[in-house]
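The following pair of complexes shares a single chain, chain A, combined with chain B in the former and chain C in the latter.
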Partner chain A sequence: MKETLLEIEGLKTHFITKKGTGRVVDGIDLTVYKGETLGIVGESGCGKSMTSLSILQLVPEPGKIVAGSIKLNGDDLVTKTEKQMQAIRGNHISMIFQEPMTSLNPVITVGEQIAETIRAHQPISRKEARIKSIEMLRLVGIPSPEERAKQEPYQLSGGMRQRVVIAMALACNPELLIADEPTTALDVTIQSQIIKLMKDLQKELNMAVLFITHDLGVVAESCDRVAVMYAGEIVEKSTTEELFRKPKHPYTKGLLDSIPKINEVQEELTPMKGSIPSPFTEHSGCKFADRCPLATDICFEQHPSLVAYENDSYQVRCFHYNESTSGKDVGHAKQS
Partner chain B sequence: MLLFIIKRLLQTIPVIFGVTLVVFLIMQMVPGDTAQVLAGEGASQETIEDLREEYGLNDPLHVQYFDYMKGLLQGDMGQSLKNERPVIDEIMVRLPISIELAIYATIVTIIFGITAGIISAVRPYSASDMTVMVIALLGISFPSFWLGMILMFIFSVELQWLPVSGWDSVQHMVLPVLALGTAGAAIVARMTRSSMLEVVRQDYIRTAKAKGIKNYLIIYKHTLRNALIPVITVVGLQFGALLGGTVLIESVFAINGLGRLILESIRMRDLPMVQGGVLVASIIFVLVNLFVDILYKFFNRRIDIN
Partner chain C sequence: MPSKAKTPILEVTHLKQYFPVKKERILEAKRYVQAVDDVSFSVEPGTTVSIVGESGCGKSTTGRAILRLDDPTSGTIEYNGQDIAKLSKKELKAFRGDIQVIFQDPFASLNPRRTIRQMLNEAMSIQNVMDKTKREDRMLELMDLVGLPYDSLERLPHEFSGGQRQRLGIARALAVNPKLIVCDEAVSALDVSVQAQVLNLMKKLQKELNLTYLFISHDLSVVKHISNRIIVMYLGKIVEIADNEDLFQSPRHPYTQALLSAIPIPDVNVKRTQIDITGDVPSPINPPKGCRFHTRCPFATEHCRTVEPELRTINNTHQVSCHYAETLSF
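After this line comes the complex of A and B, so read on.
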């Protein structure tokens, strides 16, 4: 039986402004098991980054967690004070951000940036922390780490910096690593190196990874299970294999269709029409209805809920999934 | 970096040369007859003519300028018309006092300015922020000489805590330094605040928070270090402005610095002294700017390359 590490229930993170309420994260349930990699996929603006910042209680103003619970080993993080969260951040849960160019402090040596993380959570001396930081740099495959530790971020390449960011995140042996688009800003060759590095380290340190990305290729490469997010909600959740073999929600199908395929002659890509609705828009029906090729009246009137199928092996939020497609592969729905 | 310093040093040569030319020409345009002043009231036309000949005032302008430059390159700024002492000697006596005043005022600028800026930036739009920013606005708005007189009135005349004028002891220095440093402190406070608020929004501050770094370390180690880079430039420029301010403050508090020397010399039409004083002040200004540029380049090297 898989052991639960992180359990998110009914999480709602809203941005309350004078213009109205932005439902950026609108009722999310997620479970991350120990040692696994869970991917969250979706377009920019679907709320995946806010979900991860919610976990760390770092939602920027005027955002606020208005409902739900985030339990780490059964302990609810939403009710924690800022001080208690400081002891958790970087220690039990670490995060890697998208931009290695800007996520390191430009005026502090990379060694010190790793060492300070260790000293924030462990009662060790400056010198021990420095030695540990060099070990971490070696672990993430940075050559001559002793010299590199003394350098400032501007002296390192993008791939190197992302390795430093990873070293920093793993310095305290976290149980959960949140990786928010960790490879998006990198070259393709560096991308695969970084993903491989993360997978190796995950095995070595036995931690769980919450992998946030818009890149389905990266998901296929690195995740055990996937949750597809759309407009602050999860629309489909399954194993990675199942998702690619038989996507169920029309949105997931659309996402897969908009990727160029290497084994087919394609004159044109099939982009999804429309764009993600603003979190400030009120919906009475399905949030995807406006863009959905299968949408019927019910989709505009009622909000579908996330339904589990086949002994909870996957979950889909769509009225049309059960009735028209149950049991058989509908193929990729093309726009008519 | 070394190349940059050399290049910047070479650039100052034409600037200083230009300064000598401008100072020289302005002195020529000042109304009044130097020889007349020299000879004193009621002197005969003959005496005036003789003096004019003696000091080379009849020569064409370019010859006068050439003579002046020749002397300058040998470290000779001419003689005071008032007491016939070499200008350079007089300046060397007065300059240290002005520099002392400017440096203390800069220290006030830095300490008060940065502290106030941090207080403001830590809780933006709070009551403490508003208070500090209103005080800063007042500080910028008050002219230094007026502030000097008000301070003098309150602390020296009414309360009698501090001496009215002079530059002999620490007590003497308090008011002029405060009067001179306030405007700079206010500017630095505003700059520090806006710079810190800018830095707080950066990704690396979010990274630091995600690492579980304590708040005070995020402010002092991660934010302030980056936020102070643009503040350095402001402080440097303020130092230049302070040199100008010393003229007024030295007059208000009767301090025998370079500024007061220049002012007195203008009143006396002591042309070589004014010329020398202005030139030295200009050179200091240029050198301070050079220093600030190099400092800025040094602190900014990481950002430049990105």
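After this line comes the complex of A and C, so read on.
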């Protein structure tokens, strides 16, 4: 049986401004099991990054978690004080970002930066921290780590910097690593090196990874399960295999159809019409309805809920889901 | 180059673009970044030629030289048979109208305080494309072409979404009736669903207006979709040139193969042979001797470390610069 590590229930992160309420994250349920990689995929503005910042209680002003709970090993993070959260960040949950240079101090050597992180969380001496930092650099595959530890970030290439950031994030053996577009700024050949590294480290350290990305290719390569987000909601959730074998939600299908295929010849792409709605827009029905090829009256009137099919093996938020999969797979629907 | 009936619209010959590096010590010998080092290719009218490669390979520098934004260190660029370095002032102005550019970030290339009408008007009056009285109609036509509503003309750039801004960038480029458009990472900043819309639009416009595109991108799946011919660059050199299908079906250079196998494919059923290339791209200030790719190439031999391979033709449309192009199998 899979053990639950992180459980998010009914999470709503709203931005309350003079213009109105921006529903950036609008009711998310998500479970991360120990040792797995869960992908969150969606286009810009779908709320995927804000979900991860909510987990760490780092939502920027004027954003606020207005409802829901985020339980790490059964312990609700939403109610924690800032001081308690500091003990959790880095020790239990770490995060890496897209642009490594913004997470590194440009005028401190990388070895010192990693050692500093370790000492912030663990009661060890400077010397021990320094040894540990070199060990971490070796772990993430940096050649001659003793030399590299003495260098400053500008002396490293983009791929190396991302390795340093990963070393820093993993220095205190977190149970969960949140990776927010960790390979987006990298060239493809470096990207495939970093993805491989993250997979190896995950096995070695037995941690769970929450992988946030816009790239469905990266998802196929690195995730066990996937949640597809659209306008602050999860529209589809299933195993990676199921998602690519048979995408269910019209948005997921639209996304997949929009990508030029490397292994076939296409005269024209099939894009979705329109663009994503602003989080300030009020919806009474399905948020995807006005871009959806299957939308009918009910889609504009009622808001569909995320329904689980086939013993919970996948969940879809769509009234017409059965039509979009050509009428097969009528599961015993239950309200989730 | 293969001899086809058409004369090329653009011919780049032995282009070199070196940039001096600031000296660290007074007596140090002058050093250069060899951003583009001896690159030759040609573009036929009405086609799309793409340049792909990773950051620092010189693809954008090549594009800038073609736009005459930088003067080349050596080599020539001929547009319709005329050397662009030798154009008179008047000819240069006409050249600027014929060649347009679309950049990655459309917001950075639009003036935030000018309405779309002002922007298009300025472009048309500088190039004197048509009679003032007809410009109004032309603007509406442009909006139709790129699929934006007419009232966009009165609006400011910040009022548009990313995809719409890229459409405006395209409209702005089309306003002066160009023949050749250099698209430097033109769709890279867009979300996939919007990217697909813009790519379809660009293809449609090419057919309707008989445009030639020089498409610069790091994204091989986009390149595959839009190109007729593809140039792969690595560290300032061309490693392979081939027609679209040829390149994807039978890449002959190990670097091309590595690039192709590194693309994550959104399909769990596709299993591919991964060529792992280790390490990073070396510095273009002091590029490796011999073949520039030898430091990362899994097939490199002593010969590769010492002798630089020429870009040579292996069948009539396929050129590759690898000593072992015929014998390697991936």
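Convention: the second predicted complex is superposed on the first by the 322 of 336 C-alpha atoms of A that agree within 3 Å, B and C clash if a C-alpha of one lies under 4 Å from a C-alpha of the other, contacts with A are read in each partner's own complex, and residues count from 1 in each chain.
One rule holds for everything that comes next: a residue touches a chain if its C-beta (ideal position, glycine included) is under 8 Å from a C-beta of that chain, and two chains touch if they have at least 3 such contacts.
On a predicted model such as this, the values are computed, not experimentally measured, just so you know.
S.K.: Put the two structures on top of each other at chain A: do chain B and chain C fit, or clash?
M.R.: fit
S.K.: Touch check for A:43: first (chain B), second (chain C), both, or neither?
M.R.: After superposing on A, A:43 lies in contact with chain C but is clear of chain B.
S.K.: Going by the contact rule set out at the top, does A:23 touch chain B (first), chain C (second), both, or neither?
M.R.: neither
S.K.: Would you mind checking which one, chain B or chain C, touches more residues on chain A?
M.R.: Tallying touched residues of chain A, the top partner is C.
S.K.: According to the stated criteria, A:91 is in contact with first (chain B), second (chain C), both, or neither; which is it?
M.R.: In the superposition, A:91 contacts chain B only.
S.K.: For A:249, is the partner it touches chain B (first), chain C (second), both, or none of the two (neither)?
M.R.: A:249: touches no partner chain.
S.K.: Given the touch rule stated above, what does A:168 touch, chain B (first), chain C (second), both, or neither?
M.R.: In the superposed model, A:168 contacts chain B only, not chain C.
S.K.: Would you sort A:99 into first (chain B), second (chain C), both or neither based on which partner it touches?
M.R.: It touches chain B, and chain C stays clear.
S.K.: Angle at the Cα centre of chain A spanned by the Cα centres of chain C and chain B: state it in steps of 10 degrees.
M.R.: 70
S.K.: In Å, how small is the closest CA gap from chain B to chain C once the two complexes are overlaid?
M.R.: 5
S.K.: For chain A, give the residues common to its interface with chain B and its interface with chain C.
M.R.: The overlap between the chain B and chain C interfaces on chain A is empty, containing no residue.
S.K.: Applying the document's contact rule, which stretches of chain A touch chain B when the two form their complex?
M.R.: Going through chain A, the ones touching chain B are 56, 58, 85-91, 94-95, 97, 99, 101-108, 116-117, 120-121, 152-154, 165, 168-169.
S.K.: Note which residues of chain B are touching chain A in the complex, please.
M.R.: 202-204, 206-214, 217, 221-222, 225-226, 299, 301-303, 305-306
S.K.: So in the complex, the part of chain C that touches chain A is made up of which residues?
M.R.: Listed in rising order, the residues of chain C that touch chain A are 54-55, 161-164, 191-197, 199-200, 203, 218, 220-222, 224-225, 245, 248, 258-260, 262-270, 274, 276-278, 280-281.
S.K.: Would you mind writing out the residues of chain A in touch with chain C in their complex?
M.R.: Going by the criterion above, the answer is residues 43-44, 157-160, 187-193, 195, 214-221, 240-241, 244-245, 254-263, 265-266, 268-272, 275-276.
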